[in-house]
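By letter and in written order, the chains are A, B, C and D; residue numbering begins at 1 in each of them.
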Amino acid sequence: MSAKTDVAILGASGYTGAELVRMLLGHPNVRIAALTADRKAGTTMADAFPQFYGVDLPRLVTIAEVDWSGIDAVFCALPHATTQAVLKGLPERIKIVDLSADFRLSDPAAYEYWYGAPHQAVELQKEAVYGITEFARDRVAKARLVANPGCYTTCSQLPVIPLLEAKAVDPDEIVVDAKSGVTGAGRSLKESNLFTEVSEGFHAYGVGHHRHMAELEEGFSRAAGRPVIPSFTPHLVPMNRGMLATVYLKPVGDHTPQSLHEILATRFAGEPFVHVLPFGTVPQTRHVRGTNRAHISVFADRRPGRAIVMCVIDNLVKGASGQAIQNLNVMMGWPETTALEAVGFFP
Amino acid sequence: MSAKTDVAILGASGYTGAELVRMLLGHPNVRIAALTADRKAGTTMADAFPQFYGVDLPRLVTIAEVDWSGIDAVFCALPHATTQAVLKGLPERIKIVDLSADFRLSDPAAYEYWYGAPHQAVELQKEAVYGITEFARDRVAKARLVANPGCYTTCSQLPVIPLLEAKAVDPDEIVVDAKSGVTGAGRSLKESNLFTEVSEGFHAYGVGHHRHMAELEEGFSRAAGRPVIPSFTPHLVPMNRGMLATVYLKPVGDHTPQSLHEILATRFAGEPFVHVLPFGTVPQTRHVRGTNRAHISVFADRRPGRAIVMCVIDNLVKGASGQAIQNLNVMMGWPETTALEAVGFFP
Amino acid sequence: MSAKTDVAILGASGYTGAELVRMLLGHPNVRIAALTADRKAGTTMADAFPQFYGVDLPRLVTIAEVDWSGIDAVFCALPHATTQAVLKGLPERIKIVDLSADFRLSDPAAYEYWYGAPHQAVELQKEAVYGITEFARDRVAKARLVANPGCYTTCSQLPVIPLLEAKAVDPDEIVVDAKSGVTGAGRSLKESNLFTEVSEGFHAYGVGHHRHMAELEEGFSRAAGRPVIPSFTPHLVPMNRGMLATVYLKPVGDHTPQSLHEILATRFAGEPFVHVLPFGTVPQTRHVRGTNRAHISVFADRRPGRAIVMCVIDNLVKGASGQAIQNLNVMMGWPETTALEAVGFFP
Amino acid sequence: MSAKTDVAILGASGYTGAELVRMLLGHPNVRIAALTADRKAGTTMADAFPQFYGVDLPRLVTIAEVDWSGIDAVFCALPHATTQAVLKGLPERIKIVDLSADFRLSDPAAYEYWYGAPHQAVELQKEAVYGITEFARDRVAKARLVANPGCYTTCSQLPVIPLLEAKAVDPDEIVVDAKSGVTGAGRSLKESNLFTEVSEGFHAYGVGHHRHMAELEEGFSRAAGRPVIPSFTPHLVPMNRGMLATVYLKPVGDHTPQSLHEILATRFAGEPFVHVLPFGTVPQTRHVRGTNRAHISVFADRRPGRAIVMCVIDNLVKGASGQAIQNLNVMMGWPETTALEAVGFFP
């Protein structure tokens, strides 16, 4: 028997799984009770990730092998589309943070459009709370299932949603030019993820039809109170971690770049993880690496009547596993920063 | 006596200098007659760049030591603002390609605004031809002094100027989000250029006030026939070479992303260095590395009524030394591709 | 008044300084009371290292400005040769961990030979304890001044010293081929540390005359009970952090690669930071990044009668700031792993 | 009809295949007549390698589809072990340079030991000439089939074989610590070759049992006139191209590091691709990138009576495709440097 909350991590042999393990090892209220990795079942976490050599952790098992009777909470880091069937089958008392895209879209039709198949767990989808924690804290606190947002959406929505809600920018004039490190593509074997194909080069991908757009548009539309479709282009940076969204905006009414900065600074004042830098200060991905932080800044554009907003996060932490733990902390009523306080290292 | 054209390279110990030497060594009409590097005078090119070990090249000398009597043409790769005095003093018969920014702005007032000091060679500035070769071939052919364009400007103007000239896009709705490798910063000692400060991270710089904007605006304005100010943000990619401009545009009238693609494909058909990829094909910087090529592509944006245009170049070649040689080839009446034919290597 | 120990960090604006701050922020017994950085005095730690944005830390001051009255312990991360005068002047009650090379050599003549000037604080030098913690725990516990070992020495001595002490390998047949990330060179402005000069390439440096050799030879000689001079070559890896020592050894007597593995496994059993991997398992620097860990392994060499031993560390942590904190923990009688427990992240 | 030699490249969609195409495009005597890539048959070289966009090249076909009637020479860049059957079936008049390991070992028993299966083309194996061009020029000139050496062997044997032949070093005291860029692993899909698994880290592989050892030992033994087994450890550097061999040697008799340098300088004087740098000058992989060059240097070791020799090459050029073209040039009686003259670029 444990006074701690027993947690299972499904899909522990991927990068987000490893990040969950790393951070939960420092969580005073959590015991890692089960780790699954269907293809690597039978081996250890240290086999998959030697940074855990010598650390006491349960062996990797298949999902079918998990004894759910003692599990209180689940982090689900399975591939997109494989998650619905698994989560549908879990006992109702278990709290879930799902890191896949499966429950992020509230509209089943939108899910089917973007993912090419009907949703397999429509009831659960209705119940799921989309959890950029800073925007959904109250609903996350009461949720059984939190759909943990994607990295691109987190990075793009954090600096823009408060401005849309304040009706400070024109919803039809949003350009999000986003750049991500390679861990965003996960650990899967694709020629395009080889070192030799990524290093010493730069390119965009998914131009005009990236799946993250659905999430992005839902959030922007909800904030604006009407349909919003931004320009959105993801790019691949030859680095492991980090994400930058450069957002071009058109302030409306009396708004100026400076007033946008004020809105964001006020909105995020007191937030432990979201820091609005002084006006015109360039945020860098390297300074939030390994942490749950977001650094946001606002700039005057030389193009008259325009503003530029930037946000950086670590795509694996605030963009995935860190925000997942932040959400669990809120769901469980624990201090929100538990296990997430560490400052990152640079270089 | 040499049947070849004797060429001097001023500022040979920087990266653009080394690139000029590398490519000119394969130029059948050129003899490298003088190499200057004021601080490294007395040493050899192989001391500064060991890739030239064993190659027969003149020693590095100061500019003052150059015997101009036999020199027919000069590549000037000196730092910005140091160039005007040097070029003013050269014999009139010498053809010049200047890689600095000193002669790129046709308006002396604009120069003074952006560079903080009056221009020192206003007469030369009037005479200088701004040389994106594909757009200025005829004037380059007759020029004595060509102002070789900056890398950001080349990369941004190549895909946009034909569209502005065709009045196919709204000049007030241009966003250029540009990304550059680190060689763009040259070989100078700045903390921000250290490996440890650049690697494993990504950030913007010069947001809202980068000097390349002046060049960019002049070119766009000339093409549009009226003042144009785009949004322009440069970013630093942790790689040595390569540049990508992601340009967000608003087609006007009946124009569509497809018709923009057609305009560009037609405009650059037959160009040896500028290749318009099939509609929707992502260009990658790594595929033009080490070459004078530009790869351009056009995409439909999911945002209604918008298009995305991308261009990749090697910032040191088409963005600097390669275009400089291309310009000299045109000035001398040589085949334009001489010494620039090599296909790049990847990885 | 604070129940915590007040600590000053001298030289906080370098990489080892930043690492000290990062880890000490998680130390329950320590309060960071003073941070010095002579050239950046007056600015904040977040100015020098934006990862600390929003973290409550004292401003950067000059060493002269420090009020020593409340300081209990000092980490000195000043450049080599500048440290002696500073430390000589400190009140006797202050415990010191010095990360420079100034007190690492016990022989003043050796210091003068390698550093080209007589030692300025010979009395302190005599008193200093050379602190690879695992080998000097008892003496560190009683020390006032610990000379924190260099990264190359830590990485090379950890796997070799137990073998020399056991007389299991021939002291005249040691080849240490070492590879380091670029942070080992610090944050100083040298052309050879530019991104463009380091990335996409590999080379050795200081071949045959690197200053770390003095430290290395002292430690090996002490362990062997007679003078030992190994072959030692450092190389620069295009990465930020990490160090690998590949050591070629000749087992003597009945010793075999397997028995060397056994000696090391036994010697380090129970050590919290030094892990001996199973025989023949390749250690990787990335798996100890950001941590105070060392991973060691032993291999049979195809060359008859030889063995290969490898050790990886993070040069900034076990090779510098982490070991410094480990040493302070021992000096203060605190649990040795305090503030050093976190598992590293990969990728 | 073509006055040029018609060449086929088997396995054109790998990295060595792409390098062959790149360099042969500049070869005045060669026409690329056929390109095979079994899995990508039907597509174009530009599909596999967009750097060739717009270049006139034959489509990729299967080996079975090649019309051999017009083919004069073949570069075979197929995976190890798949090559024997293919080459056995070629018309006798066709000259072959094989870049696989299949014909590198003269001893069929050694082949079977290292590759786990009997050789399928023993007659051809006997006929094959192992072609480090500088050591085998005369035999290459008369060969029908040249076994193009591996990158590790080329890099290690170039600086050591002349010393063994001169009996200047002890054959029993050779340590080769080698480091390679990631292209050495080819374009195949392995988790260990992902960007995320390679970047920001360093490690050895194949310790004590790498297949290149067979080749290495054969060459060293032939040069020494008796069996030689060196220590040999390959390491993976987070960069695309480049290889460094750091070799620890014991001069014998009156030999000194300086006399070893003299032997090498004399041996390679006049060689177009192998450059012996001044004594004690550190060679860097980046300075030979993209070229067929080797830079060699010699150092005094602080360990008494020892020397350190280093050699750098580009593993894909002098270590593979460049040397293959050099060998074809010799086989055909063309100037040996044809198509290989270009200086590399750095950065």
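The criterion applied here is as follows: a residue touches a chain if its C-beta (ideal position, glycine included) is under 8 Å from a C-beta of that chain, and two chains touch if they have at least 3 such contacts.
In UniProt terms, the chains line up like this: A, B, C, D = N-acetyl-gamma-glutamyl-phosphate reductase.
Small disclaimer: the values here were computed from a predicted structure and weren't measured.
Enquirer: Which chain pair is joined by more contacting C-beta pairs, B-C or A-B?
Expert: Counting C-beta pairs in contact, A-B comes out ahead.
Enquirer: Can you tell me which pair among A-C, B-C or C-D shares over half of its residue-numbered contact pairs with A-D?
Expert: B-C
Enquirer: Rounded to the nearest whole Å, what is the centre-to-centre distance of chain A and chain B, using the mean of the C-alpha atoms as each centre?
Expert: 39
Enquirer: Taking each chain's centre as the mean of its CA atoms, how far is chain B from chain D in angstrom?
Expert: The computed centroid separation for chain B versus chain D comes out at 36 Å.
Enquirer: Centroid of chain B to centroid of chain C, CA atoms only: how many Å?
Expert: Chain centroid spacing, chain B to chain C, equals 46 Å.
Enquirer: Please set out, as single numbers or ranges, the residues of chain B touching at least two other chains.
Expert: Residues 15, 182-183, 196-197, 199-200, 238-241, 283-284, 286-287, 289, 346-347.
Enquirer: Report the residues of chain C in contact with chain D in the complex, numbered from low to high.
Expert: 175, 177, 179, 181, 196-197, 199-205, 207-209, 213, 229-233, 235, 237-242, 244, 246, 248, 280, 282-287, 289, 299-304, 306, 308, 310, 312, 346-347
Enquirer: What residues of chain B sit close enough to touch chain C in their complex?
Expert: Interface residues on the chain B side: 15, 182-183, 185, 187, 189-191, 193-200, 238-240.
Enquirer: In the complex of these two chains, what residues of chain C are touching chain A?
Expert: Where chain C meets chain A, its residues are 15, 18-19, 21-22, 25-26, 49-55, 182-183, 199-200, 240-241, 275, 277, 283-284, 286-291, 295, 341-347.
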